[in-house]
């Protein structure tokens, strides 16, 4: 039996969210291919994978999970959808497989003491929303300037879109700005009423919390109603190429959160081009390599691979790790700048270090702006304000535990 | 000539009124139950249970409910997803708000919530008919979608609108294992199917079918359209609501309103039409077709194309799967417009004549 | 009305005219019905006596079916009243009419196509079902017994109409003539006091018509059921009806015993044609 | 009938509905050019099915011809569409009216002339139908669904005539019509037959009437032809007299006096 | 006041865009009694074809003219829709003559799946652009009359005009020609239509083809507004209340229904939405349509539902 670590890849290359799901899924696959080609796997353990199409639908996602979960050598699942994450959160403890939900999923699952198997690494919707408010405050010249301002949240009417609301309400209370909530029914192809409301309310800023076709439609409607694009701030799921390419000049000035850079300069991307695409084994088209969502896929997969590597350090190099062991690896990630540079991710993202209590590891993000042709990253990094988020996470996690009649993990549990 | 009823004389109307008047059918049914209760759990893999069998059972239950409304009473409904959602969230609220609420009671109470909702949205059927009604029932669907996203109380104040349940128990037995879940769903399904069968072959069932086939004539022989339609809505949405509760509690464990989206409504309608309108067995065939076939295709197509040396990527696979699925629907309809259940009945009829052609 | 067990033994019916008719059971007074510009019925009055066979004839489009529809509560006449056993109605609800014991058959076959012959006729008993939904679902005790009781009654009708072999056949697949019989069976299952028949013999050959006449007369003789009959076959009308109403263009142009009506020049002109 | 050319030749056909119900068990019949042929038989004998087989309308009923052949003027027609047949002059008047419910009577008639292109021909045909059925003219603007049963029957017959057919398959034309209209319908048949040499194949329950106007007759029982012959011969046959004409023995019997235990004598089956 | 007008106008124009999709439903229903669920998939399919060919043609021919690319792509997509119509007739409808509505509905669902799969595997599943030179930026009118003026979306205005023109042409076709009458006859009774010589096959190809072209126009306009990708098929769900409110059998009904739904849904979202948390427009549209149905069960202009005994 060959030593193989198996990565189940849930993806959606079809359906309403396919334009965004595809580059993401390609990045994930290409990274695995590259590791196999360049390093021969992790310490000699080959990486294998299987893709399963969810179409962003929960029941199909669950079916995929059930199909792939008992595959030998399963490491972790990345559900790629908020709805599937909810369903799997209930299932993984029994199966002992960790979930990695980079930049999405449940905000409260940052609390590793309550959510042993969930890893919302690098950010949740709460940290994202928090950073957006920070950057707006900075633009205005301080939090005190937010007083009396009006900020509208145009959001995908689903748990994904609703997650940031509690945080924004908290911030609104703190700084005295007015928060307008404008839901858009999924998938978001008809937004006329929403933008009429924007026109009526004349908010100073619009936060865009969309996914898939909703983003480009929102930008087009903004153009059609004459709302200034540079007053619009999107979450990191509203800041990729498919969201703006089609709008082109019309989206000029629009800002979005960036978890990562884009472009083909980073060494890891170069490696992918060299070891995978040059060999004709690329999953998608070559010019998509290095795009925003593609790079995010690469990062997710890198975290998975590093978690396995970390686990091997403890449980035995060159062995196939179990889900439980990989979970430990995810909980003890220590990707400092040096490590990132070595991995070829210099400048792509900030260092990450997770712990038993903190399953997020990093809450840093930047703002990028669309100049009509491409995304331009600003150099200011923001970190979500712990003072605000921590208590909220704690209360949320407590409620979850109470509902489930579960206990917080004992400190001893963190050692296993 | 193994399968024939000749020589089986009924000595009373009671005997003739049995669900399976033919001896062979009774044995076959018994065998089927034994297989379902004993053999399947022994043979099924850890994948089959949660990914195929349980969704099949729950969807068959839902299709059964929809079939009562659409197939028996002729009121085409596209709001079944909403009834499922009401059942699920209704059961959820009873389950989490009332300490010690047993699962079965919660599921039934969820069904009752769905029943009230169903009656409410069934009221327009007194005036609106056919496709107009079908489209109008979408109002229920979108309203329910909205309601569970917007009214926080219904989701126990969860910030995102998604909720979860765990530690399910039935009469003190834990429902953690897949086999236990399977048995539970199977039992609910078998019992409901039995009750539903009794209803449709009894007086109320005849009222429904009369309304479906010719409502003016039905009124003339003293059937009250209002009563017949509203009971159909009530019974149907009760069953669909229970299915919704099971889908949420047993299959998903955690869910958001999108789990019961309009696609779900459509899928349920497909099931009853493909399976056979106005047939209890049809619900089973339909659920099998719609739930199992895509999964089967996804599992089989890559191997199949590999035979020809073709590699097919996930997207291509999904497209191929969807196309084959669509083509099969059309093909089955061309072969037998009245659904798989009718195809099955025709097959049985042929078997009865066998080895003679006619 | 009780359906007899043995339909074979039927006493020879008394000859036309010599029959004893009862009181007026159904009285139609000054009924008018219009659809937009079309006057289907204008000021129609006639009565039906208990136990009689009352025929309604008239050219196509004269308003015969509409008249039955008014009695039945399918159409609501704009004017006039209908009195049943002394109770007057301006308009009636279908369900009320059924409860009072008026049943009917339809010209264009209004059977429940997807259901078997047995089920179709069983629907005629639905008014009498007493067990509630829950009992029916569980099918225990009283519900089961009730079902069996009604089944017996229906089986007697099936025997009577000689359609035993088709019991379990979906009616949509039956030939036209048999469907007409099932239609009659469904009406009979209601055990009505008044039976309204709309062209029960259309599309039948002679022998089948004879059978149908026999059924109608048996019901009439045996149970004293009053029959109101629309029919275009004059032979049938002459032979089996006690009194005849003639309609033309929504107006009544004749009313009386068959041989009188038949020789009425107005009726001949409007309906029968000169050949007869 | 040997002196005339055969226009429709049905040769030993079997028809099965729904893949299992065998209805026609080898029916053969010939219709001579310019003739009137009656198809008689009790309920469920298979008359309608035979007509459907000829006009190729079986598919919509999920029926199929499984054996035998059907020829129109020597050409096999099993694979033609009903529309092709209409263009070859064969039109069927379907049992049970089948008017287009939402169209007015006049629109119904006009759709009947779908295969005709000449405006003047259509206009003449329409006039002709209106003279045949004055009642239709009165109700020309009402939707067909809201006309009486008899009016619909006239509409169905008239609609078929609008196609200027050379062969008409008439299924129970007299059903639901008032006596004098029945008479008229048969007069129309005779009229068209003699003046325009239209061939008729008519399935009828009204045996007396049918045999009076037809030249030749076939009697069907349970999907088989049990007797055929010139109409006059059939009309004088004792069995036919007794069972179809009701004049068995000596006199016409009253419907009131028919003995209830008398059962039909079957020729076959 | 200015804002109210603006909402009203926005609603009217959104409604016209719905009508365009609704029209496809009405056409096929009116002409064959089939409730064509595949209409949404046809919009997607046609739009995908048009978008991709408009992209490929300059690459193949070397001619860089946008106009040429668009016209050629439109024609090719139209031809493809013709082939689709022909295939649907000969592979599906032909075999389902005289079947019940539910069966036919189901068959169109099968077609929906097939077209969605086929469209995406032939033309790709990413997001594509249709650029027919629609003006994207708003104009402000009446800024002298109201404060802030009334904002008018030129793109929508043009689209609304196109759909109005289409509706006029099609209603004339149905009312005035003998083919129009034949189509209505087919919808009433397949078999009777066959029996008097109406060639169902040809009729159906024609109708589905026309519906295909209507879908193409709808796809082009919506595609130019939203970009062409899978979600375009879901527009059908927004058009359904329009169809039933206007009446399943009425071409002008599609327009009036569209206007009523468009206005109703936008006004409700803007004025009632904020009171109850928003997001109500989609169910409000359905409830509005339902309310109308309670008064007229056949929709505003639909043919009366006939039930007679």
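We call the chains A, B, C, D and E, going by the order they appear; numbering starts again at 1 in every chain.
By definition in this document, a residue touches a chain if its C-beta (ideal position, glycine included) is under 8 Å from a C-beta of that chain, and two chains touch if they have at least 3 such contacts.
The structure presented is a predicted model; accordingly, all values stated were derived computationally and were not measured.
Participant: If each step moves to a chain the current one touches, what is the fewest number of steps from chain A to chain B?
Facilitator: Tracing touching chains, the least step count from chain A to chain B comes to 1.
Participant: Report the chain whose mean Cα position is at the greatest distance from that of chain D.
Facilitator: Result for max centroid distance from chain D is chain A.
Participant: Return the chain label for which the distance between chain Cα mean and whole-protein Cα mean is smallest.
Facilitator: Here the chain at the core of the arrangement is B.
Participant: Count the C-beta pairs in contact for B-E and for B-D, then report the pair with the higher count.
Facilitator: B-E
Participant: Tell me which chain's centre, taken as the mean of its C-alpha atoms, is farthest from chain E.
Facilitator: C
Participant: Roughly how far is chain B from chain D, going centre to centre by Cα mean, in whole Å?
Facilitator: Computed from C-alpha means, the inter-chain centre distance equals 46 Å.
Participant: Could you state the distance in Å from the CA-based centre of chain A to that of chain D?
Facilitator: Taking the average C-alpha coordinate of chain A and of chain D, the gap between them is 74 Å.
Participant: Where the CA atoms of chain C average out and where those of chain D average out, how many Å apart are those spots?
Facilitator: From the centre of chain C to the centre of chain D is 29 Å.
Participant: Using CA atom averages as chain centres, what separation in Å is found between chain A and chain E?
Facilitator: Computed value for the inter-centroid distance: 37 Å.
Participant: Which residues belonging to chain A are in contact with no fewer than two other chains?
Facilitator: 13-14, 18, 22, 157, 183
Participant: Pull out every residue in chain C that's touching 2 or more other chains.
Facilitator: Each of 74, 106-108, 110 in chain C touches at least two other chains.
Participant: Which parts of chain B, given as residue numbers and ranges, touch two or more other chains?
Facilitator: In chain B, the residues touching two or more other chains are 149, 214, 216-217, 220, 315, 318-319, 322, 337.
Participant: Quick one: which bits of chain B touch chain D in the complex? Just the residue numbers, please.
Facilitator: 337, 346, 349-350, 353, 358
Participant: Under the stated contact criterion, what part of chain B meets chain C in this complex?
Facilitator: Residue list for chain B touching chain C: 12-14, 17, 195-196, 198-199, 202-204, 206-207, 209-210, 212-214, 216-224, 231, 235, 278.
Participant: Write out the stretch or stretches of chain A touching chain B in their complex.
Facilitator: Within the complex, chain A touches chain B at residues 11, 13-14, 18, 22, 25, 51-53, 55, 57-59, 62-63, 66-67, 70, 82-83, 86-87, 89-91, 94, 106, 157-160, 162-163, 165-166, 183, 186, 283, 396, 403-405.
Participant: Quick check: in the complex, which residue numbers of chain B touch chain A?
Facilitator: Chain B residues touching chain A: 46-47, 50-52, 55, 96, 149, 156, 159-162, 164-167, 176, 251-259, 263, 295, 298-299, 313-315, 317-319, 322.
Participant: For the complex, which residues does chain C have touching chain D?
Facilitator: Answer in residue numbers: 7-8, 10, 13, 15-16, 35, 38, 58-62, 65, 107-108, 173-178, 199, 202-210, 213-214, 217-218, 232-236, 239-240, 271-273, 275-276.
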